[in-house]
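Please find one structure pasted underneath; my questions will follow.
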Amino acid sequence: MSDPLDREHRSDLRVRYAETDQMGVVYHANYLVWCEIGRTDYIRALGRSYAEMEADGITLAVSEATMRFVGSARYDDPIAVYTRLTELRSRAMAFSYRIEHASAGRTLVTASTTLVALDRTGRPARLPDVVLRILRGEARDTASDGPA
Amino acid sequence: MSDPLDREHRSDLRVRYAETDQMGVVYHANYLVWCEIGRTDYIRALGRSYAEMEADGITLAVSEATMRFVGSARYDDPIAVYTRLTELRSRAMAFSYRIEHASAGRTLVTASTTLVALDRTGRPARLPDVVLRILRGEARDTASDGPA
Amino acid sequence: MSDPLDREHRSDLRVRYAETDQMGVVYHANYLVWCEIGRTDYIRALGRSYAEMEADGITLAVSEATMRFVGSARYDDPIAVYTRLTELRSRAMAFSYRIEHASAGRTLVTASTTLVALDRTGRPARLPDVVLRILRGEARDTASDGPA
Amino acid sequence: MSDPLDREHRSDLRVRYAETDQMGVVYHANYLVWCEIGRTDYIRALGRSYAEMEADGITLAVSEATMRFVGSARYDDPIAVYTRLTELRSRAMAFSYRIEHASAGRTLVTASTTLVALDRTGRPARLPDVVLRILRGEARDTASDGPA
């Protein structure tokens, strides 16, 4: 089976007017929002939505983020967010991101985030087995999957 | 007793860089955020925080908003939000706002919003008596107030 | 020729985590951002990007907005924004919006905005003829269109 | 003279409803916005506003950011942002931040950002001497300061 850590998911979006600032470029904090879009798309592509995970009582909280800004994007620019899962533990995971200007192919931002699983009370929790299996690429989640 | 509908509350803030857009002025949707700051400050000034209301199981959802944009503000400008309660019913209330450039005295935006009370399930609900009394200016909320 | 005022453009998006608030639903000001996505998509679909208009020195500033909130959307919900041009004058235009939960078909918000054209100095300006013609549906903008 | 790198500036703010997400806490990207408030307050406290710097044709672009999230804040919580200048070069500077729940004294986030000076064309530029002197704590900026 292919190593899920080799998987890279691409998300596409377009810069919103609201995301620009008076410098005429995307306000830097918005790239963190795009990273989140990248990792939720990554998880959804594996067969389980992040919204479903939250319905199971598990949330993922960002515990660390690092970002390197190397280019700038403007209003209406097409953006590609490439997301990889770089680490997976029972209670935490890490993703890396490369955000590009989709048509020019220029890298805009590289980033990484670490997330920890929390239960409904905000305490660190173990990721559900089904989520771990999915993220490891061992199984796609299906309603008929038996005990999950 | 003075009519609470005559009361006007002033909130002060400063334009954040993140609130500007590439036109070099405040992005229009942010004025709605400032209106919310205005009305929560208005309620807090009467002696009860909006956060406490939510803890009681009542949320206020915006059901209508109208805004008229007559001037523009720039990064770091000092802003004054003047808020009035214009209508109070058992399940709804309306506020009006005048947002000014605080030092120039120019009006930037006038707005009004209607809010409806919802319970934890999202159903329309009656505002707690204590909140109605406070908003009517009949009583300040105090911890020693007895059953509220 | 069909009346451009009959034209309705549909934009699709998905609710971002950043767009929710602690009530568990989309924060109300974000619908104004989605309206902007609707009208820029509307204009782009006619053959001219709003970014190109700004490059010509004309910006469109929102002068009025009214919104009616009738339903709520949650994280990851699919959203459809239906946009119509409801009025077109030489210096102003108005759009109306109906924002729906795309799969449930429930209306979430209806809204309208008026926009005025401004030149680089922030003064009211006449819309470029090419833009007026495009919005009236008389012509698609093309690079080979001759003087525009 | 005291070392400017010892200086710590405190900014105070209150969590806005718009800054929360459906987890009931502050959405993580908003802490980057608060860091910006911290460093612009830091610079303003030295006698020069960041807005004035931009009027001189110099902008500061964030080139790197690292954040560590150790606690969470809720709507209406009072927040203190403690900002330090940790490095100052002719074309770049770095700040560190400690963001606390102001009344509970709990640390919420520690962060650092590196900023580079850009001219109007977006090219790396030297910080104006007056800004370097101010940040080094050698002089307060005054209108009567002579050529700067």
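In order of appearance the chains are A, B, C and D, and numbering begins at 1 in each one.
Note that a residue touches a chain if its C-beta (ideal position, glycine included) is under 8 Å from a C-beta of that chain, and two chains touch if they have at least 3 such contacts.
Source: prediction; values computed, not measured.
Counting only chains that touch, the fewest steps needed to get from chain A to chain D is 1. Comparing the centres of all chains, each the average of its CA atoms, the largest separation from chain B belongs to A. Once the centre of each chain is set as its mean CA position, chain B and chain D turn out to be 29 Å apart. With centres set at the average Cα position, the gap from chain A to chain B is 35 Å. Residues of chain C in contact with at least two other chains: 17-18, 22-23, 29, 33, 36, 54, 74-75. Chain D contributes residues 22-23, 28-30, 32-33, 36, 54, 59, 61-70, 72, 122 to its touches with chain A in the complex. Looking at the complex, you find that chain D touches chain B at residues 16-18, 33, 36-37, 40, 49-51, 54, 74-76. The residues of chain B lying in touch with chain A in their complex are 17-18, 20-25, 27, 29, 74-75.
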